[in-house]
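Letters are used for the chains, namely A, B, C and D, taken in the order the chains are written, and counting of residues starts over at 1 for each.
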Amino acid sequence: MFFASDNWAGAHHAINERLMKESTRFAAAYGTSALDQAIEQRFNEIFEREVSVFFVATGTAANSLSLASLAKPGGVTFCHTEAHVIEDECGAPDFFSGMRMSPVDGRNGKMDPKILSSRIARYPQDAVHHGRATAVTMTQATEFGTVYSLAEIEEISRVAKANGLPLHMDGARFANALVQIGTTPAEMTWKRGVDVLSFGGTKNGCWCAEAIVFFNPEMAKELPFIRKRSAQLFSKSRFIAAQFEAYLQDDLWLDLARHANAMADRLRAGLAASNSARLAWETSANEVFAVIPKDTAKAAEAKGAKFYDWLEPHDMAEPVGDDAVLIRLVTSFATEAEDVDAFLDVIAAG
Amino acid sequence: MFFASDNWAGAHHAINERLMKESTRFAAAYGTSALDQAIEQRFNEIFEREVSVFFVATGTAANSLSLASLAKPGGVTFCHTEAHVIEDECGAPDFFSGMRMSPVDGRNGKMDPKILSSRIARYPQDAVHHGRATAVTMTQATEFGTVYSLAEIEEISRVAKANGLPLHMDGARFANALVQIGTTPAEMTWKRGVDVLSFGGTKNGCWCAEAIVFFNPEMAKELPFIRKRSAQLFSKSRFIAAQFEAYLQDDLWLDLARHANAMADRLRAGLAASNSARLAWETSANEVFAVIPKDTAKAAEAKGAKFYDWLEPHDMAEPVGDDAVLIRLVTSFATEAEDVDAFLDVIAAG
Amino acid sequence: MFFASDNWAGAHHAINERLMKESTRFAAAYGTSALDQAIEQRFNEIFEREVSVFFVATGTAANSLSLASLAKPGGVTFCHTEAHVIEDECGAPDFFSGMRMSPVDGRNGKMDPKILSSRIARYPQDAVHHGRATAVTMTQATEFGTVYSLAEIEEISRVAKANGLPLHMDGARFANALVQIGTTPAEMTWKRGVDVLSFGGTKNGCWCAEAIVFFNPEMAKELPFIRKRSAQLFSKSRFIAAQFEAYLQDDLWLDLARHANAMADRLRAGLAASNSARLAWETSANEVFAVIPKDTAKAAEAKGAKFYDWLEPHDMAEPVGDDAVLIRLVTSFATEAEDVDAFLDVIAAG
Amino acid sequence: MFFASDNWAGAHHAINERLMKESTRFAAAYGTSALDQAIEQRFNEIFEREVSVFFVATGTAANSLSLASLAKPGGVTFCHTEAHVIEDECGAPDFFSGMRMSPVDGRNGKMDPKILSSRIARYPQDAVHHGRATAVTMTQATEFGTVYSLAEIEEISRVAKANGLPLHMDGARFANALVQIGTTPAEMTWKRGVDVLSFGGTKNGCWCAEAIVFFNPEMAKELPFIRKRSAQLFSKSRFIAAQFEAYLQDDLWLDLARHANAMADRLRAGLAASNSARLAWETSANEVFAVIPKDTAKAAEAKGAKFYDWLEPHDMAEPVGDDAVLIRLVTSFATEAEDVDAFLDVIAAG
């Protein structure tokens, strides 16, 4: 019953096998091998256009270096109030980019385009005192388990573009959002105006595979130096490439995400039908937020269930209340239906 | 004939097998799993005292974050003129630590203690204009393939301590130096006055395993935050831990380093006996520097030999000359004797 | 009718005369002259205890270097949502301190201690992901023209101390707040728990005199290096000292602040009595916020009145409305009663 | 007998009078007043072309922000081994620009163009590991009291341009060099290929007046934000403008520099004729380096002479020796011939 996070899962065997194969060869270091280059080419196919791809060690690095590549002195980046970049990365985006993360409200983890617009409006072009609006970053799927629709991405993008700002997407759970919408990588990114993407593989079956994808090569031109100076250039970079090769082959990544989402659906259905628990808000990717009685939470933990307590958002429709607790449940490629059912049984038992 | 760098090698099968085993389990993320903690304990045994251990993604990160943990505003760190931290990390140590790397000369990649002493003396305690002497960093084995003897480490350490400066050791090739001297990890580090160590596993058989080891826990207390802010905290950290488990088990790491050094010895012997090539200077770990005729170098490359041209040090006893070229050859755990012999044959053939 | 800002005023003649006197002498540079040291001693008297004093060039520098001296990696500093440090310094506090400024709401420019407390609570000690609560900064007088009472300062201080956080005060308009309360510098700072103060003289009659005052010398020990590295150490530092000497002599600074506040009182009284204008909210130092008809604002500007439009706070009791505009009026040591009356006549004329 | 530094002098009375006049007026803050703009226009005339001018608080700020405006990630700036930016600014240029200062040797404080060229050659364009050559900075007059001839500036400039690098000039003692050569500001800067200039007024009769002058407006476009974020935007900026107005009027600045240089000539002549002292090397601006007996130095100090001991350069033609000491003597606009003669008498007396 491991629902604490999708990064508690291990790695998929197809990815492991590819790593094994890689381990017996010699090859050029620092991202210059034939395999590294082949995988860059593979990203072109996946995104249906020429992209610039850079592997890094962590999702925090992908976000931070993406923003660093867009940075200007005195720059301000707009993100959701509860975004990972502002709440969960210990200031790394600020550190690497030198920019301030400016919070934008919006329900269920999605920035409200109107609020975004009014926040940006506080930074007129010539106002050296306030700093200057420089970038917008959004998370897909969001930290709340919700997914921006294509139209919603376009709305955010339109606000960004109307203000001359590049748009970054934190895609730590990109695949989960993609299969939930049922669209293509191109449709969910550059065709909607996304300029830079943090493309996460670690949470979805790799053990360490994160990439920055630039849809505008001009924006990527400082990244080789930014990455090296940021201590994010792997010497044996091809082991990241190998993971991505297996990950992207025969739609493995999409299958893994579909599985994780299906397990979350199973959880959602079970909790919605429960007498003792309720869904905190609608989610649609591989994260589920539920309100359960405190005693039930304790009982579940005693039986080995792993999940995190979550801070109650200030604008929750129906407050959690004193006897209950808000919890987050995350499924992954490795979650099994039996485990979901076992957890639902524990909840039902109260 | 892959002698370009030890990071062109793949990964040792024992390490791969351990990774496979790890991949099927769930476990806590961000370095909090039982395995992560067990490996920290393992480092205590290896170093015969309680140490603080932090995994990071690259050797550059290990060096940069080590120095960041020792940093003071206006700080100056002293290193060899050709040290990796000043010449090969794109300014990462300066970026993360906010300190200036100040070059100290010395033959064959080793800082001269007298020159170090006189360099430090330029920074009197109250001199706010110059900045202030804050740390010393040395590389073991050095970038020149040489190895500081225990007495030489102690000399550097004595200068550092006499000036109240902590001592960092860049151990990207720690194992190669260790087995060359034939001493223990404790003797080569804290017993000689080393305070912080970049402990590298990647070049010696892991595919990505680097650790910062603090012998003084007090110095480590900011590192958890420094590491997270630096985007160096792996979510699936236990896959680093797993590599180190296999690496450190049954002296595997020492065996691998012995093999690499033996292959370098074979190269050294062959080149020393050669009519056309000569050793550029004495080396004793897994790096060999040779002067060979330009034509021979071209012929070797044509036959598939991989190595790097090297910049001639300004103080070479016997200059390279116009018709020759200085090359660097690096062996690894994966180098085979047949390959060494094949290369020597190519050189002999001229 | 210059009410745009108190930094539109020139410099007081007593301060000028002191500068003249200083200009014919030779003296040691970089803050080491006898005069520099005498003024540091003078600050001890003003604050009734031994303090550490550092002159810097701007109020932004005073705030930024104060926070830099309190900084920790991954640190978060709490400030009011509309504080100068977060809204008007182009990210300088973040740049110098490496910390994120985290906004805390509260009416009329004052942080609400309860909200502050709950914001800090989001950063438990061991939570490396969020970053860590590191400092609190408050502005006295506030950006809204209001003044924290001694009891209110103590409340903020108590929350800070309960969480082990040092407290910084941005005193760009310190004197105006001080004489408004009618208390002593000691009572308004360290006796209430303030650890570091940005002590501003520029807005109150100097032409450039800003100081950082540490009540805890331990916290000041890195500042000499931080200041020099931040390019804030004046070579002819004694010209700052000379300004402060005149400024602090015979209570000149208090007289100047009293005059500025009295001129603001005169404005407040006139506007409150006006048929066409109203006070936007209660203020008590040398800033006045008024709601006036748009046409009146235009007419006033046409007649040479200088003031700034102000962004409507989201929580204004009585909204500004479409036909009116919110303006800020600032008085200074150089404001004359005739000018205030002339402005009030213009407003009355509509 | 104040020869410690030209920043021990006060301020010239013409500059003071202009400040007095300014102090009674109201005017717009933060560099937007009519006076600020008039002075920018004045710089256009002085330099015979349109330039972008930015006032800052210190010479260190002028250098640091100049380099920050030229910075790239992983950037390396080349400067003389003993340049102020690397030896006397506590790492400020590195801090603000994020670049490493890379030392280039050369006799008497001037970079050797051949050595500069070979240093730059170590950074090939695609070499992400080393970092990348990004800027060259030279000091005029140098820290050794010498002055680059126009031809020498052109040589440095040619090396920079051949490598695509912008050229910065640290002109803390710009006026002293200018009158020594007897040329125009345009000839000594942009006509020789200088792109950015730190134009110092403080050492030559102002009390605080430093400016960054861009000859290429494109390079200046980030500076407004860099300056504000760096806490270097004065609120009462027009007091800097006022100093520059008086400084630049009727060639005052050139007259003051001529006087300082003449006093240095008087010193040089006296020391050259002395039996006990000798000139350490040829200088030609307002700095003089002399070797005098240790006893004489002590006697001079006892009689109130102020000067600094200097570190012996490693390549001094005739070493200082054990019984002597190397000292630096600096003259200024305020130095009087009587003081020079008094000092020479003291030296003669031994």
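Just so we're on the same page, a contact is a pair of C-beta atoms (placed from the backbone, for glycine too) under 8 Å apart; a residue touches a chain by one contact, two chains touch by 3 or more.
None of the values given here were measured: they were computed from a predicted structure.
Colleague: Need the graph distance between chain A and chain C over the touch network, please.
Modeller: Contact-graph shortest path, chain A to chain C, evaluates to 1.
Colleague: If over half the contact pairs have to be identical by residue number, which pair among A-C, C-D or A-D is the repeat of A-B?
Modeller: C-D
Colleague: Centroid from C-alpha atoms only, then distance chain B to chain C, rounded to Å. What do you get?
Modeller: Roughly 51 Å, centre to centre.
Colleague: So the centre of each chain is just the mean of its C-alpha atoms; given that, what is the distance between chain C and chain D in Å?
Modeller: Computed from C-alpha means, the inter-chain centre distance equals 34 Å.
Colleague: So what's the Cα centroid distance for chain B and chain D, whole Å?
Modeller: Result: the chain centres lie 41 Å from each other.
Colleague: Going by the contact rule already set, what residues in chain C reach two or more other chains?
Modeller: Those would be 30, 74, 89-91, 95, 128-129, 131, 225, 228-229, 233.
Colleague: Quick check of your reading of the touch definition: is the inter-chain graph here a line, ring, star, complete or other?
Modeller: Shape of the chain contacts: complete, all pairs touching.
Colleague: Show me the residue ranges of chain D that touch chain A in the complex, using the header's touch definition.
Modeller: Interface residues on the chain D side: 30, 68, 72-74, 128-129, 131-132, 222, 224-229, 233.
Colleague: What residues on chain C touch chain A, complex-wise?
Modeller: Residues 74-76, 86-91, 94-95, 98-101, 103, 122, 128-131, 311 of chain C touch chain A in their complex.
Colleague: Under the touch definition given earlier, write down the residues of chain C that touch chain D in their complex.
Modeller: 2, 4-5, 7-13, 16, 19-20, 22-30, 56-61, 64-65, 89-92, 95-96, 202-203, 207-208, 225, 228-236, 239, 306, 334
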